[in-house]
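Structures for review follow.
Two complexes come next, and they have one chain in common, chain A, joined by chain B in the first and chain C in the second.
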Partner chain A sequence: MQVSSAIFVLFLALTILLYYLLPKKWQWGLLLVASYCFYLSQGVQYIGFLLYTTVVTFVTGILLSRRAEREDAFVEAHRGDWNKEERKAFRAKEKKARFRILLAGLILGFGLLAVLKYTAFAATTVQSVLSWFGDAKIKIPSLLLPLGLSFYTFQSMGYLIDLYRKKSKAEKNFFKFALFVSFFPQIIQGPISRFGDLSEQLTKPHAFSRDDFCAGLFRVAYGFFKKLVVADTAMIGVRYLYAHTDTMRGVYVVLLIFLYSAEIYGDFTGGIDITLGVARMMGIRLAENFNRPFSSQSVKEYWRRWHITMGTWFTDYVFYPLSVSNGMQKFSTWSRKHLGNAVGKRLPVYFATIVTWFLTGLWHGAGWNFIVWGLLNCFAILFSQELMPLWNAFGKHFAKLSASKFFYCFRAARTFLLMGLFRSLDVYKDVPLTFSLWSSMVTRWNWGELFSASGLTSFGMSTWQIGVMLFGVLCIVIATNLGKKTPLWDRLATKPVLCVSLVACLVILILTLGSYGIGYDAADFIYGQF
Partner chain B sequence: MEKLLEILSSLHPEVDFASCGDLIEEGILDSLDIVTLITEINNAFDVQIPAEEVIPENFESAAAIWALIQKLDEE
Partner chain C sequence: MKKRLKILLPCIAILLLLATALVLLGRLVEPKYLTEQKEGGLVRDYYKETSSHDVLFVGDCEVYENFTPATLYRDYGITSYIRGSAQQLVWQSYYLLEEMLKTETPKVVVYNVLALKYGEPQNEAYNRMTLDGMKNSLTKWRAVLASMTDEESFASYVLPLLRFHDRFGQLKGEDLTAIFDRPTVSYKGYLMQTGVEGGVSDREGIPLTDYTLPERSMEYLEKMRLTCEEHGVELILIKSPTNHWKYYWYDEWDEQVKDYAASHGLTYYNFIPLCEEIGIDWNTDTYDKGAHLNVYGAEKLTVYFGKLLQETHNFDDRREDETIKTEWNALVDAYQAAKGKEK
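Moving on, here comes the complex of A and B:
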C-alpha cells in the first residue's frame, strides 16, 4: 500500500472514522493495529525487523530506567551521610554502568541497520580495494532492506540516549512503546520524533476537533498535490536526463539541478505534509521537518530548515557528544597548546563536524556518492565559517547592498544552486561521472540547444508536462509565501467552508494534472528508501 | 562569574556578555564557540559539561551558563 495511492486514502478514511467512533480508551490500540496493518502491507517479510527493533529498544529502555531509578533512590537514601565527593563518585560509577547498558542497546539496534544496509557496500568497497592488487572476488550479499528502517532505528536509538541522559522516563507498556516505534503516518519517511514529544500524544484520548481535522485535511491534499503534480512530473525529466548522461551534458546538468530540486522538494515535503496532516486529523502534532529551506541564505541555514528532525538528531546525539567527550576535550587542550589558539580550537570542532557529516551522508545511503555529498556539505559549511570575517567586513562596507532584497535573493539563489549541485550526486550516483558532468557545465557551452525550438522537448518531458510542473511550482511558491507567518493550514483551520473548497480544488487539480491515471503507479517516496 | 565573563570576552571581545541575553538566538555563539567555551569552563571550574546539557537554554546568557556551572558543581 503506497502512501500516494487510492487504497491508502481508503485505509486512512476507515482508520480515522473508527478512531473517532470507538471509545476513546481504544484509540491508541486502534492506531497500533492500523500501524502494523500498514507496515504489513509494505511486505510481510519486513515485520520481523520492526519487531526486533521494538523489543530490543523496549528491554534496553526498561533496564536503563531501572538502573537510573535505583541510583536516584540510593543517592536520596544517603543524602545525610554522604559528602559531595562521595555522591559525585557514586553518580559517575552509575553513569558508567548505564552507559554499558546503552552501548549494548545501540550495538543491537544500529547493528541491524549496519548489517542490512551497509554489508553489500562494505563488501563492494573491499572488493574494489583488493582488485588493485590482483583478481579478487568477494560474494556480494543481497540483503533485504526494510522500508523506513533508518527512520525507526534512529527514533528508537534517540529514545535510548534520552533515557541514558535521564531526559525522559521509560515506557513500561510494551504495546504503547510499539506504537511509538511504528506509528503508521511517519514510519516510512519520518519525521524522526522524540519520545518526550510524541508518546503521550499517541496514547492520550483525543476528542474530535473540527479545526484540527480541517487543517490536517488541507495539508494532506496539499501534500498529495506536491507529490503527484510536481514531484512525479519533474521525475520524468530527471529520469530521462539520468539515463542519457552521454548526451545530456552541459546545460542539461543545470536543468537537472532545477528539475531534481522540484522533484525532491515535492516528494519529501509533500510526503511530510501528508504525514503531519494525517496525524493532525487525529489530533496528534508531529515535529515540523521543513521551514522554507529554499529561502536559506547559507548552507548552514539550509540545514536548519531542511530535514530538521534529522539535523537535530545528528547535532544532539553525534556532534555535541563527540565535541564535548573527554577524548575531544583532551585533544582540544593539546592542540591549542601545540598548534596555537586559532588552529587548536578549530581542530576538534572540525573533526566532530566532519565525522557528523560523514555519518549523515552514510545515513542517506550506502554509497560513495552519499558520503561525498555529506562531506561536500561539511566543507561548504566550514569554508563559509572561515570566511565569516570577510562576509562581516563586506556587510559593514556595503551595508545598503547587503541589506537589500536583491542581495537576499542572490544569497538564496546561490545556496539553492549549491545545494542542487551537491544533490545531483544522489541522481547520477557514480562520483567520477558526476564530477565529469559538473565540469561539462563549463566545458560544454550548449545553452542554445536547450532554448532552441526543439530543445524544450529534448529531455523526455512534453510541453504539457513542463507547463504542469511549472504551474505546480508556482502554486507552491504562492502557498509558501502566504503561509510565511502562519502556515496556510493553520489559517484555514477555522474556515471550514473555504478549507473544504480548496481541498476540492486540489483534488480536481491532482486528478487532472497529476502523474496519475488508470494503470499508472505513483512513484515511491524517495526518502522511504533511506 | 567574573572568571566566566573573562572566558566569554576572550571569545568575542566586542560583546558585552554581562548584559547580553540572546547569545544563541542572535547567533553570537555558534557551535565552534560553544565547544571552545565548554573546554575552557571544564578546565577553569573543574566541572564536566555533558552533551545532554548542551541545549540553547543553558547557553543563552552568561547568567544561564553560570547557573549550569553551579548546578553541575552541586550534583
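Moving on, here comes the complex of A and C:
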C-alpha cells in the first residue's frame, strides 16, 4: 500500500471513521492494529524486524527504568545515613550500570540497522580496498531493508537514551510502546518523534475536533499535491538526466539541481504534510520537520529548517554527548596546550561536527555518495563559521546592502544552489562521476542548447509536464508565503467551508495534473528508503 | 443545529460540485475515437439505436470489419447490428449481449469464436476501447471486473479522469465538441475499411503446446448460450474467414467448437474453408494482407451469410416496414456514399 495511492486514502478514511466511532478507550488499540496492518501491507517479510526493535527497546527500557527506580529508592532509604560524597559515589556507580544496559540496547538496536543497511556497503568497500592488492572476491550479501528502518530505529534508540538520562519514564505497557514505534502515518519517513512528546498523545482518548480535522484534511490534500503534482512530475526529468549522464552535462547539471530540489522538496515535505495531517485529523500533533528551508541564509540555518527532527536527534544524541564526553575534554585540554588557544579550542568542536555529519551522511544511505554529501555539508558549515568575522565586517561596512531584500534573496539563492549541488550526489550516486559532472558546468558551456527550440523538451519532460511542475512550484511558493506567520492549515482550521472548498480544488488539481496511474512509474517516498 | 447546518449544507454542495467537475473533466479527457482508432467508438454507437434488430452480431474485429448490416438490409431486408470491438474478449461479448438483451429480443445472435482462444485479460488499451463505451450499469461493472489486467484499477473505469488525466496536454478540438454528444463512427457497428492490400499467408500458425480452449472462455460461451436460451434467441457460432498466420484458426480449436455446438444443438459455420465458395479474393478483398476483410470482402461474406440466414430462418423482409424504412434507407445511402467516397 503506497502512501500516495487510492487504497491508502480508503484505508485512512476507514481508520479515521472507526477511530471516532469506537469507544475512546479503544482508540489507541485501533491505531496499533491499523499501524501493523499498514506495515504488513508494505511487505510481510518486514514485520519481524519491527517486532525485534520493539521488543529489544521495550525490554531495555524496562531494565533501565527498574535500575533507576531502585537507585532512587536506595538513595531515598539512605537519605539520613549517607553524606553527599557517598550518595554521589553510589549514583556514579549506578550510572555506569545503567550505561551498560543502555549500551547493550543500543548495540542490539543499531546492530540490526548496521547489519541490514551497511553490510553490503562494508563488504563492497573492503573488496575495493583488497582489489588494490590483487584479485579479491568477497561475496556481497543481499539483505532485506525494511521500510522506515532508520526512522523507527532512531526513534526507539532516542527513547532509550532519554530513559538513561532520566528525561522520560519507561512505558510499562508493551502494546502502548509498540504503538509508539509503529504509529502508521510516521513509520515510513518520520518525523523522528520523542517519546515524551508523542506517547501520551497516542494513548489518551481524543474527542472529534472539527478544527483539527479540517486542518489535518487540508494538510493531507496539500501533501498529496506536493507529491503527485510537483515531486513525481519533476522526477520524470530527474530520472532522464540521471540515465543520460554521458550527454546531459554542463547546463543540464544545473537543471538537475533545480529539478531534484523540486522533487525532493515536494516528496519529503509532501510526505510529512500527509503524515502530520493524518495525525492531526485524529487529534495528534507530531513534531514539525520543516520551516521554509529554501529561505535559509546559510547552510547552518538550512539544517535548522530542513528535516528538523533528524537534525535535533543528531545534535542531542551525538554532537552534544560527544562534545562533552571525557575523551573530548581531554582532547580539548591537549590541543589547547599543544596547538595554542585559537586552534586548540576549535579542534574538538570540529571533530564532533565531522563525526556528526559523517553519521548523518551514513544515516541517509549506505554509500560513499552519502558520506561525501554529509562531509561536504559539514565543511560548508565549518567554512562559513570561519568566515564569520569577515561577514560581520562586511555587514558593518555595507550595512544598508546587508539589510536589503536583494541581499537576503542573494544569500537564500546561494544557499539553495549550494545545497542543491551537494544533493545531486544523491541522484548521480557515483562520487567521481558527480565531480566530473560538476566540473562540466564550467568546462562545457552549453546554455544555448537548453534554451533552443528543441532544448526544453530534450530532457524527458514534455512542455505540458514542465508547465505543470512550474505551476505546482508557484502554488507552493504562494502557500508558503501565505503561511509565513501562521501555517495555512491552522488558518483554515476555524473556517470549515473555505477549507472544504480548497480541499476540493486541490483534489481536482491533483487528479488532473498529478503524475500517477498507467504510464507513470509509481514512486515511493524518497525518504522511505532511508 | 442551525449552526451545524450552516456549515454542513455548503460542504455537501461543494462535494457535489467536486463530483460533477470530476465527471465532466473525465468526459473531456476521455479519448473520443472519432478520427483515430475508431474501433474505440463502436460500443458506444449502439446507444443511438432507436429500433430493435433481427440479428445481433457479437465478437471482435472479425465481425465489425467482416459483416455489413447495410448490405444485409439492402439485399435481404434483415435488420442487424454489430456489437464488436477490437480484441473483444468472450466475457466482454457476454456482458455486451446481456446489456442488449435487456432492451431487445432479436431472432438470432451471431457470435464469432476467435476470441475463445483468450482465457485471461489481455490488453489495457483494448479493454478501454470496449468498456469505456458502455453505459454505467451493473453489467458494465461486472464486465470491468472480469476484464481488468493487473495494472488497471476499477476506480479508473468509474472515474475515467484517473486514467486519461495525462491527455490534458494533447486535447484536440473534438475533445471539446464531443463532451456531451458524440457522432457515430460506424454503420450499425460496421467499421468500413476501403483500402486494398492483398496477400496470401505463406506460413501456418505457430505450433502450440496445448490446443485446449481456455476453461474461462468456454464458461462464458456457455453463459452466452444460456442467456440466449433464456430469452428465446437462437445462438449461431461462426468463424470469419482469415488468411493471416497471426490469426490462425487451428483445426484442434475448430473441433472443440464443433463439438460444443453439436452437444448443445447450435449451428456453427466456419467460413475459412468456404472462402472460394463465398468468392473472396485475397488479393482484392482484404486491407491488411489477409488478416481482415475490406468492404468488398465484407460485402461478399455478408451476401453469402445473409442467404444462409434467409434460407434457414425465414426472416420477414423489413424493406417495406414503414417504421424503420427511412432510417435504414438512409443508412444504406450513407454507407454507399462513404464506400464510393473512399474509393
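Quick notes on this structure:
The rule we apply is simple: the second predicted complex is superposed on the first by the 525 of 530 C-alpha atoms of A that agree within 3 Å, B and C clash if a C-alpha of one lies under 4 Å from a C-alpha of the other, contacts with A are read in each partner's own complex, and residues count from 1 in each chain.
One rule holds for everything that comes next: a contact is a pair of C-beta atoms (placed from the backbone, for glycine too) under 8 Å apart; a residue touches a chain by one contact, two chains touch by 3 or more.
This is a predicted model, so every value here is computed, not measured.
With both complexes brought onto chain A, simultaneous placement of chain B and chain C is permitted, the two fitting side by side without a clash.
Contacts of A:Ser501 after superposition: chain C is touched, whereas chain B is not reached. Shared-chain residue A:Arg491: touches no atom of chain B or chain C.
In the superposed pair of complexes, A:Leu511 makes contact with chain C only, with no contact to chain B. By the touch criterion stated above, A:Lys169 is placed in contact with neither chain B nor chain C. Of the two partner chains placed by the overlay, only chain C lies in contact with A:Ala6; chain B stays clear of it.
In the superposed model, A:Arg411 lies in contact with neither chain B nor chain C. When both complexes are overlaid on chain A, the residue A:Ser462 reaches chain C alone and has no touch with chain B. Once the two complexes are overlaid on the shared chain, A:Pro348 sits against chain B while remaining clear of chain C.
With chain A fitted onto itself, chain B and chain C come no nearer than 43 Å, counting C-alpha atoms only.
No residue of chain A lies in contact with both chain B in one complex and chain C in the other. Across the complex, chain A is touched by residues 7, 10-11, 14-15, 17-18, 21-22, 25, 124, 151-153, 155-156, 159, 161-163, 165-166, 168-170 of chain C.
Taken together, the chain A residues at the contact with chain C in this complex read 6, 462-465, 496-497, 500-501, 504, 507-508, 511-514, 516-520.
Every residue of chain A that touches chain B in the complex is listed here, in rising order: 84, 87-88, 91, 165-167, 315-316, 319-321, 323-326, 329, 332-333, 345-346, 348-349, 352-353, 385. By the touch rule above, chain B contacts chain A in their complex via residues 30-32, 35-36, 38-39, 42-43, 48-52, 54, 74-75.
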